[in-house]
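Please see the structure below; I have some questions.
Order as written gives the chain letters A, B, C and D; numbering starts at 1 within each chain.
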Amino acid sequence: MAMTGVLRPGHAVVRVLDLDESVKFYTDVIGLKETGRDKSGRVYFKTHEERDHNSFVIRKADSAGIDYFGFKVLNQGALKSLEGRLRDMGVATERIPAGELLETGERVRFEVPTGHQIELYADKTDVGNGLGYVNPEAWLQNTRGINPVRMDHCLIYGPDIDGARKVFEDALGFSLVERALLEDGKTDLATWLTCSAKAHDIAMVRHGEPGKLHHVSFMLNTWEQVLRAADIMSMNRVSIDIGPTRHGITQGTTIYFFDPSGNRMETFCGGYQWYPDMKPTTWTWEEVGAGVFYHDRKLNERFLSVVT
Amino acid sequence: MAMTGVLRPGHAVVRVLDLDESVKFYTDVIGLKETGRDKSGRVYFKTHEERDHNSFVIRKADSAGIDYFGFKVLNQGALKSLEGRLRDMGVATERIPAGELLETGERVRFEVPTGHQIELYADKTDVGNGLGYVNPEAWLQNTRGINPVRMDHCLIYGPDIDGARKVFEDALGFSLVERALLEDGKTDLATWLTCSAKAHDIAMVRHGEPGKLHHVSFMLNTWEQVLRAADIMSMNRVSIDIGPTRHGITQGTTIYFFDPSGNRMETFCGGYQWYPDMKPTTWTWEEVGAGVFYHDRKLNERFLSVVT
Amino acid sequence: MAMTGVLRPGHAVVRVLDLDESVKFYTDVIGLKETGRDKSGRVYFKTHEERDHNSFVIRKADSAGIDYFGFKVLNQGALKSLEGRLRDMGVATERIPAGELLETGERVRFEVPTGHQIELYADKTDVGNGLGYVNPEAWLQNTRGINPVRMDHCLIYGPDIDGARKVFEDALGFSLVERALLEDGKTDLATWLTCSAKAHDIAMVRHGEPGKLHHVSFMLNTWEQVLRAADIMSMNRVSIDIGPTRHGITQGTTIYFFDPSGNRMETFCGGYQWYPDMKPTTWTWEEVGAGVFYHDRKLNERFLSVVT
Amino acid sequence: MAMTGVLRPGHAVVRVLDLDESVKFYTDVIGLKETGRDKSGRVYFKTHEERDHNSFVIRKADSAGIDYFGFKVLNQGALKSLEGRLRDMGVATERIPAGELLETGERVRFEVPTGHQIELYADKTDVGNGLGYVNPEAWLQNTRGINPVRMDHCLIYGPDIDGARKVFEDALGFSLVERALLEDGKTDLATWLTCSAKAHDIAMVRHGEPGKLHHVSFMLNTWEQVLRAADIMSMNRVSIDIGPTRHGITQGTTIYFFDPSGNRMETFCGGYQWYPDMKPTTWTWEEVGAGVFYHDRKLNERFLSVVT
């Protein structure tokens, strides 16, 4: 099997301040499909194109932010093997029973040294994307809002990104794709890691406070869809942080914006295809602005300071 | 390592009738970069964005067609292991010494039951894409012609596509992504296989004659680049088979066209992201036209009969 | 006033074989907005973005084709003056009372030497495009189907295109933008005329039978919208004549397709901006294929023979 | 003649601080074609697609800014007639002899109440766009840089925009397309005027100092070309003011950036088709931010203050 172990980002569970307002936002503006609610009050979403039951889950809380971020692995064998490698590295793991998250199998949860809860799981019910597996049409009509292709990745902020990277690389088989350096020319300010053929599946920025969310990202297929997304944000008075613009890092195009609770979200498009024989790309401290915002070639204050 | 074994299509070695005319075509019209010539007269090309020394090689011959198609594997360990699995399946393998193909390590060559020569190799010199690994710009200026991103996949025609699929799946870890059925509703007319997260890395159509090439495909990043490619073909009086149009299969957009020797080539764009937990898509005999040419919803005669 | 006289194509009145099926087609697939029906059974449509009450009207008949094609003129003064110029040229004109066509003022109707009924009118009720004239959003959400920007132009087939051109140029102030020549290198096979800054507002092909419709065209804003339109046609099993492709003539991109009654329609995108100081472009007989279908560089049989 | 009087923006003559650096910028980055230099040291450019000899002219000076902005009119009759209407309104006009500007006929120059020098002329040598008038290809290969379609419009800043608008409307036949209001809900902050079928050919913002240039704009054909333009600006370290983004006003997409002398320039794409039967659109003071920058829905400080 050419693709094995950790497959892809599977679910982000995010805290919101007002549930109804957030459901409306993620349904009408982002264009996700609500797929369920559970007894604890969590609301489940998937993109229309995703096949698994959920990829984005919100729950009401007093503060915004992310509860945990989960990755789907190939199968139960991979789950068990990865759990073993985590423990071998001294990472404490916890098994969350199947069904605790709707239509999702048993999960292995652990904390990485940035202070974030990460999960692995092998099973989530395939509810289909509405096109079927026989003679499907090219895409689904009658969707609404921005309608991204998938929940794509997240960027987390926390103290020990070196330690967290070690867990992702050594235990979970992720690879370093790009890095941005601090002024000393040695220490990483930020790293972009992949578990697949994407330019990133998770990224981390060094930050004093642990467990912080910079953004969860939803993928769009084309630059014209990025423009359409920005237009829809404007029509719905969504607060745009920056964009449409391009990242130097990953070469993708982007809009950063805020959900009604202040969680930063992204629509991301493009990004090169990555293979494990590629050397990582490095951004020096002087050019990290161009790496993050390729057109402006400088960071805005918010990028480094506003997290939830 | 989440991505292992066979990584991607690495080289296609194609026969042409007139070398100079072909070099001009692949350089000026397709926009490949010539990277070398060897004593046997072969001319080597890569796309500007590819990092390895070559991905497309031509040699002068009396008839057009494909000599062999090679896949890059993760490392020498993977090469040896895959070679062993081929032999375990009873597939005869041959080692071609390093350097026989310029800047390319030792290759394992074998024949699949469609009558095609397939190769595996672990090493090819990284000559870079001109952007470097430190603070790279977003893309390379001053390229010419169509300028595809990479050599992406090929479609081969031959008799025993079931046997060939078995080799790709069982020995090499490929997965079935899509299939088109014959009138009996059981036998495969064609199969699309992946070794990575792409919708296809190789495809096969059932055909009486062995070892035939339907097309080698070059990837473009956007639908606007597809239009530009068709314009450039027109300006250079390239014979277009069909397109710009969309495939139902893979959902990608396409132009099929012929090189000066009559080899069909493709510019391909898009195609969904594939993961090993996805069920294959099936196209029934009645809808195979829509599967291949989504807009016209019918095959043209050439698609099934003209191969080299 | 820099823009005066004839402003733009205003309405096409087209015959269909089945009214309900056609209403469904133009509403659900093309994405027009039905704006009214009259006592004679005609159904009125506009694009969502058009401001005037109607631009495309269908009526049930035993044969497909076009009843008449109307142009909006600047005001009643222009209408009267243009009517005078027509009569001065010996063109018989008829006044159709206001209201005969819903929400449309008095029309001046006449026949051009291709055998087509052409109309001029100054008034049609502005019913708005749903965005308003104060702080409008960038575009209208919740439309359906292909959703073109406007009814853009038509191509008519008939015998005396020289005579018709003379009427459009000398009486109505149109200009010749492009022409395609017959084998003799002198006689026009076809002409493209404009009354504004577009590459064409009406076009004519020399043809034995008078009064024939080749196509009515609807404008799209982007090449990605052209792909989306072709996808929607496929999803709705619309018969596509050709496309997506590019015209050499006007440089626009196109899909030709047939409505349920066999009337050819077009989605057109692009086309250069025209000004009256530009010399006309000529296509010689040998290259008329490239002029019409720039990628294939040859006409298909249907283009010259299938009309309604 | 449906299109008459003033046709379009024809030339902008702009002051730069360093001629060589500016020639390099407008040639290599913007991708204009240098078409000549005159004895006074002015350097002439056109876009590759424009047919007239020049549309953008620079001269060395101690301060940046615009000398004058010229419009091409239909013919000598129109020139004379428009000159007469200006004089009838009490606007002093001056005749500049043919040839004073290279390959340009006699010009009528006058000052509008914003303090800007405006010119009209009927003749400028058609040097062609390299494609010819017989069987042209769809576009010109082997261009460089951003390569806009045409010099499109300008935005000027000055005190009496009401008086200037009166000149453009009453003497020159321009029409009001959009307006932005001050807090009083009556006075115009800014107006957008057209002489053709474009959403604007010139725009004006009320400003204390007379004769100021906000930007000269170059048109691009697609949103993907806008992204490419921003990428090229980044690669050449061009200072981007804002963008890629959308204007609410005109609905066009935009990048504002600065030339090496600090003159703001724009790449503009899209914008709706305007006809004289359309009512003007109004932007209230509260929403003028959304009018100018549709995604951010607020002005940046630079937009109102930085002019040359």
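Here is the rule we go by: contacts are C-beta pairs under 8 Å (C-beta built on N, C-alpha and C of every residue); 3 or more make two chains touch, one makes a residue touch a chain.
Just so it is clear, the structure is predicted and the values come from calculations on it, not from any experiment.
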So which chain is the furthest away from chain B, centre to centre on CA atoms?
D
Determine whether chain A and chain B, two copies of the same sequence, contact each other through the same residue numbers or different ones, counting it as same when over half of the numbers at the interface appear on both sides.
same
On C-alpha atoms alone, could you tell me the rotation angle mapping chain C onto chain D? Nearest 5 degrees is fine.
180
Gap in Å, rounded to a whole number, between the CA centres of chain B and chain A
31
I'd like to verify one number: the distance from the centre of chain B to the centre of chain C, where each centre is the average of its C-alpha atoms, in whole angstrom.
43
Distance from chain D to chain B - Cα centre to Cα centre, in angstrom
48
For chain C, residue numbers touching 2 or more other chains are 137-139, 222-224, 231, 234, 246, 290, 294
In their complex, what parts of chain C are in touch with chain D?
1-8, 51, 72, 74, 126, 133-139, 149-150, 172-175, 194-198, 221-223, 246, 248, 251, 270, 273, 275-284, 287, 290-291, 294
Per the touch rule, the chain B residues reaching chain D in their complex are 137-139, 141-142, 144, 222, 224, 231-232, 234-235
Contact set on chain A toward chain D in their complex:
223-224, 227, 230-231, 233-234, 237, 240, 243-246, 253, 255, 290, 294-297
